[in-house]
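Multiple structures follow.
Shared between the two complexes below is chain A, which pairs with chain B and chain C, respectively.
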Partner chain A sequence: MTPRLFLSTFGIETRKLMSYRVDFWLSAVIGFVVHVAIAFFLWRAIFDASGSERVGGYDFESMVLYYVLVSLFGKVVRGPEFPSDVSQDIYEGGLSRYLVYPTNYFLFRYAQHLGNLAPALVQLALFGTLCPIVLAVPDGFAPGFGAIAGTAAALLVGNALHYLLMLPVQLVAFWADNVWSLAVMMRLVAMLLGGFLVPLSLFPGGAEEAARFLPFPYLFHFPVEIVMGRLSPLAWAEGMGIALAWCGVLALVSSAVWQRGKLVYSGVGI
Partner chain B sequence: MIEVEKLSKTYFTHRKAPGLKGSIRSLFRREKVVREAVRGVSFRIGEGEIVGLVGPNGAGKTTLVKMLAGIVHPTSGDARVLGYRPWERDNRLRRQVALIMGQKAQLWWDLPAGDSFLLLKDIYRIGEKDYRDSLALLTETLAVSHLLDIPLRRLSLGERMKMELVAALLHRPRVVYLDEPTIGLDVTAQHAIRDFILHYREQHRPAMILTSHYMEDIARLCKRIIVIRDGEFVFDGPLDRVVRQYAPDKVVTVHLDVGPDEPLPVIGPELPGRVVEAGRDRIRVEVPRERVTEVAQSLLERLPVADLTIEETEIGTVVERIFREKGAARP
Partner chain C sequence: MLRYLRLYANCLRFSFSKALEFRLDFFFRVVMDCAFYAVQLAFFAVLYRHTALLAGWNFDQVLVFVAGFLVVDGLHMSLFSNNMWWFPIYVNRGDFDYYLVRPASALFFVGFREFAANSFLNLVIASGILAWALARYPEPLGFGTVLVYLALLVNGTMLYWVLQMCAIIPVFWLHSARGLLDSFWAAGQMIGRPDKIFRGVARTLLVTALPFSLIASVPAHVVFEGLSLERLAHVLGVTALAFAFMVWFFRRGLRAYSSASS
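Up next is the complex of A and B:
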């Protein structure tokens, strides 16, 4: 796949998305506001009940900031419901047209996936600007250029990692009649072990340390920790290395599943 | 251009009994079903040839096309399209092939066709000038130039099908698979698409395989047909030969100029052929094709004829006869 085609695909998906303007703005606002509001009131109650200033190494302002960031970054990392498009392609025969085109199906789909990130990026810019005005920002939170660049790189890798993590599950559609429950399970595991639901520092004992060697923390927890200035440059490099290694492993797994799956694909629907 | 040798495809699926009981049982035990969709077929198609693939639903037509388009892998046998195995999906082959599926939209539903064409330009790496020339030629021939910036979902079925044709042919493929290209279209749109396909064939001389349930498509576009049933070829040859072989008769119809009080005309028993209809206004006779002139002349002499037409047996009837004969010949 040429870079030019990658950009064309990216562009066409963005245009497609903009054609549903109401959906675009609704999805941009509601999910974020609900997620942050729940986190705010829940953690306010927890902090009040515990009577302590810090929980899991976070004060209240830092905790709210964590949820604001994890919500915004989460959308960038996960994107829309892309991976389910792969299983839909297999079930409904939509894969057939991509097999006829002289291009790599996964790269083509990934370019479409990135094109669909437009709402998440708009939200990141919009709410990233508004939140410091509306919510109290913890003392000392002023990410510099290095932290922002490191976070951007982590988000990029996190996005690819999430794509590759969900891909083998979606490819099971070659054999199974429905992969929805598998995909939901994987998503929940990713959210839990990735620090989307609670910061990993709240995990018991050595669980946080053990989770470092799994791919999940590099989806949500890792980029948030970078921008909040809680990671050293060495920890950043180490995390990026582990995330990229997982990308490689998952790409190999996806490729193996694809090689087997295409033999049984029947191109239903035509 | 297309060479197929003993190609077969077997599908494995599972059967599930209807209802809740069947669903629960299928959780523990599923019955495997084997279906041989295509059984050891062999054929060759050359440059500029349009071959009609005819058969009932489930005969294996689409499976065969899907194998040749590289969408599904065969179970056994071999095929070469422009020298490549299609299911290996070599980009050098895929840049020269097009698949048009009447029942499955290929373009992006939410976008104007013009945007989809631009994407296809990059997918097929079409040069700027070639793209502009192809697009102008195709959209003008199909009279859809004015619809390029309207979202696909707002176009009529016929307009969408024309856009699908433009999309599939932008890169000037040397091999074209047309799967039910006129399905669901009105008569005018069907005519336009048939004329267009013929025009494209004359211009670019591709090898084409056409599957269609509309016998008019086959009769108008194909000089050769392959009749397929239960995954096996039951006929492969020139269309006119199949017509001669399975439709040895032509139908002569005379419209009569007989007043209400005049007696019904009498057709003598010596008239060759079989009278299939004898009314006050119209008589239809099936006549061996070599005696059509003689019979027509005889009818003109004997009857008060207002009009006379001579027709071939419909290709659909011919195919039905092939199925009947081959079915009877089976053990």
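Up next is the complex of A and C:
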């Protein structure tokens, strides 16, 4: 796939998504505000009830900041809520036309997936600027160039990892009528074990340690920890290594499922 | 009334036979909902490792609340979720015409036509979790209290549907209800959180104009604090008002409906 085609596909998807502006702004503003508001009230209640200054290594301001960041970064990592283009292509038989195109199907779909990220990047820039004005920023939170660059790299890998996690699930459509439920299940598990619902440092010791070797923390928890300055450069390198290794494993799994699936693909939809 | 019950029985029969045609999807839906239940329980289990109380509730109490929320979710998924998925699509495509020409209430068809048989099994599982949570609750619970709690959860399911309808009905005027539905799902997260964590204006809103807390959280208070007439009147009053508003809003929407061009 040529870079020009990749960029062109990216641009078309971005424009398509931004054409329903009311939908976009409603989802963006309400989704973000509600997520942060629930976290704010929930953790205010927990800090008040426990009487502690710190819970799981976070004070109250850091905890709220964690949820602000995880909400913004989560959109960048996940992209559209439930990408179902691949499974739909298989189910409806639309995959046939891509098989004869002189381009890689998965790269084409990934370019579309990246095109869907533009709104998330707009939200990240907008709310990232507004939040320090509205919410109290914890003392000592001032990410330098190194932390920002490390976070950007982690988000890039996190996005690819999320796409690759969802890909084998989408490819199950070769055998099943509806894989939406599987995608939702994967999303729920990722939210819990990825630190989207609660920081992983609140998990029991063994569970937190075990989660580090799964792909999920590298979607949400890891980028947030980097920008909050809670990881050393060595921990960053180790995390990136594990995330990239998972990308490789999942790419192999997807490729194997794709090869098997093509054998049962009828070309006319199920 | 009897005519609608007969009609609903036919809808049920049709939905079950349809669900059993897609057996793998049936299985996936069951597994998905089980994952949802596990995540909800694990979330509170993690929180209670760091506090003994949350909004005045201990872990036993929060388990009863979460289990009640799961029952509401199971009921909603079984009764309404498929219908709510199709409603905006029917309006956009003009397929809503078929509901309007039938000799029965269009609102009945919009809300109740399809029963998600695959979610029904999950309702059974959620009910089991609720029975377990109530059985392990250390204080004695009267039969009447449990009965009122269950009735309030059914009422909460209706309220959930009414609120979701209010989020979808604007599709009659807008080209897409996506933004409003996304906002509804985002706001819907508040159903699964104890009402007393919210304070000030947020709390007032959640028990009046946006009554998400009346769906599962306020009913749970009945189990722990007993039923007061004031609380019952509040929950039922808000539900009745929300339902009346939804019916009025739906009728306004019907007037704006212009078949496939909507």
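Rule of thumb we're sticking to: the second predicted complex is superposed on the first by the 265 of 270 C-alpha atoms of A that agree within 3 Å, B and C clash if a C-alpha of one lies under 4 Å from a C-alpha of the other, contacts with A are read in each partner's own complex, and residues count from 1 in each chain.
Quick note on the criterion: a residue touches a chain if its C-beta (ideal position, glycine included) is under 8 Å from a C-beta of that chain, and two chains touch if they have at least 3 such contacts.
Predicted model only: the values in this text are computed from it and were never measured.
Of the two partners chain B and chain C, more chain A residues are in touch with C. In the superposition on chain A, A:A49 makes contact with chain C only, not with chain B. In the superposed model, A:G93 makes contact with chain B only, not with chain C.
By the touch criterion defined above, A:R260 lies against neither chain B nor chain C after alignment on the C-alpha atoms of chain A.
When both complexes are overlaid on chain A, the residue A:F41 reaches chain C alone and has no touch with chain B. Once chain A of one complex is fitted onto chain A of the other, the partner contacts of A:L202 are limited to chain C, with no touch recorded for chain B.
Applying the stated contact rule after C-alpha superposition, one finds that A:L188 touches chain C and leaves chain B untouched. Of the two partner chains placed around the shared chain by superposition, chain C is the only one that A:G31 touches, whereas chain B remains out of contact. Looking at chain A, you'll find residues 20 touch chain B in one structure and chain C in the other.
Remark: chain B residues 11-12, 62, 66, 69-73, 89, 91, 94-95, 97-99, 101, 103-104, 106, 108, 110-111, 115-116, 118-119, 122-125, 151, 179 touch chain A in the complex. Across the complex, chain C meets chain A through its residues 22, 24-25, 28-29, 31-32, 35-36, 39, 42-43, 46-47, 49-55, 174-176, 178-180, 182-183, 186-187, 189-190, 193-194, 196-199, 202.
Every residue of chain A that touches chain B in the complex is listed here, in rising order: 2, 4-5, 8-9, 12, 15-16, 19-20, 93, 96-97, 99-103, 262-267, 269-270.
By the touch criterion stated above, chain A contacts chain C in their complex at residues 20, 22-27, 30-31, 34-35, 37-38, 41-42, 44-46, 49-50, 52, 55-56, 81, 175-179, 181-182, 184-185, 188-189, 191-192, 197-198, 202-204.
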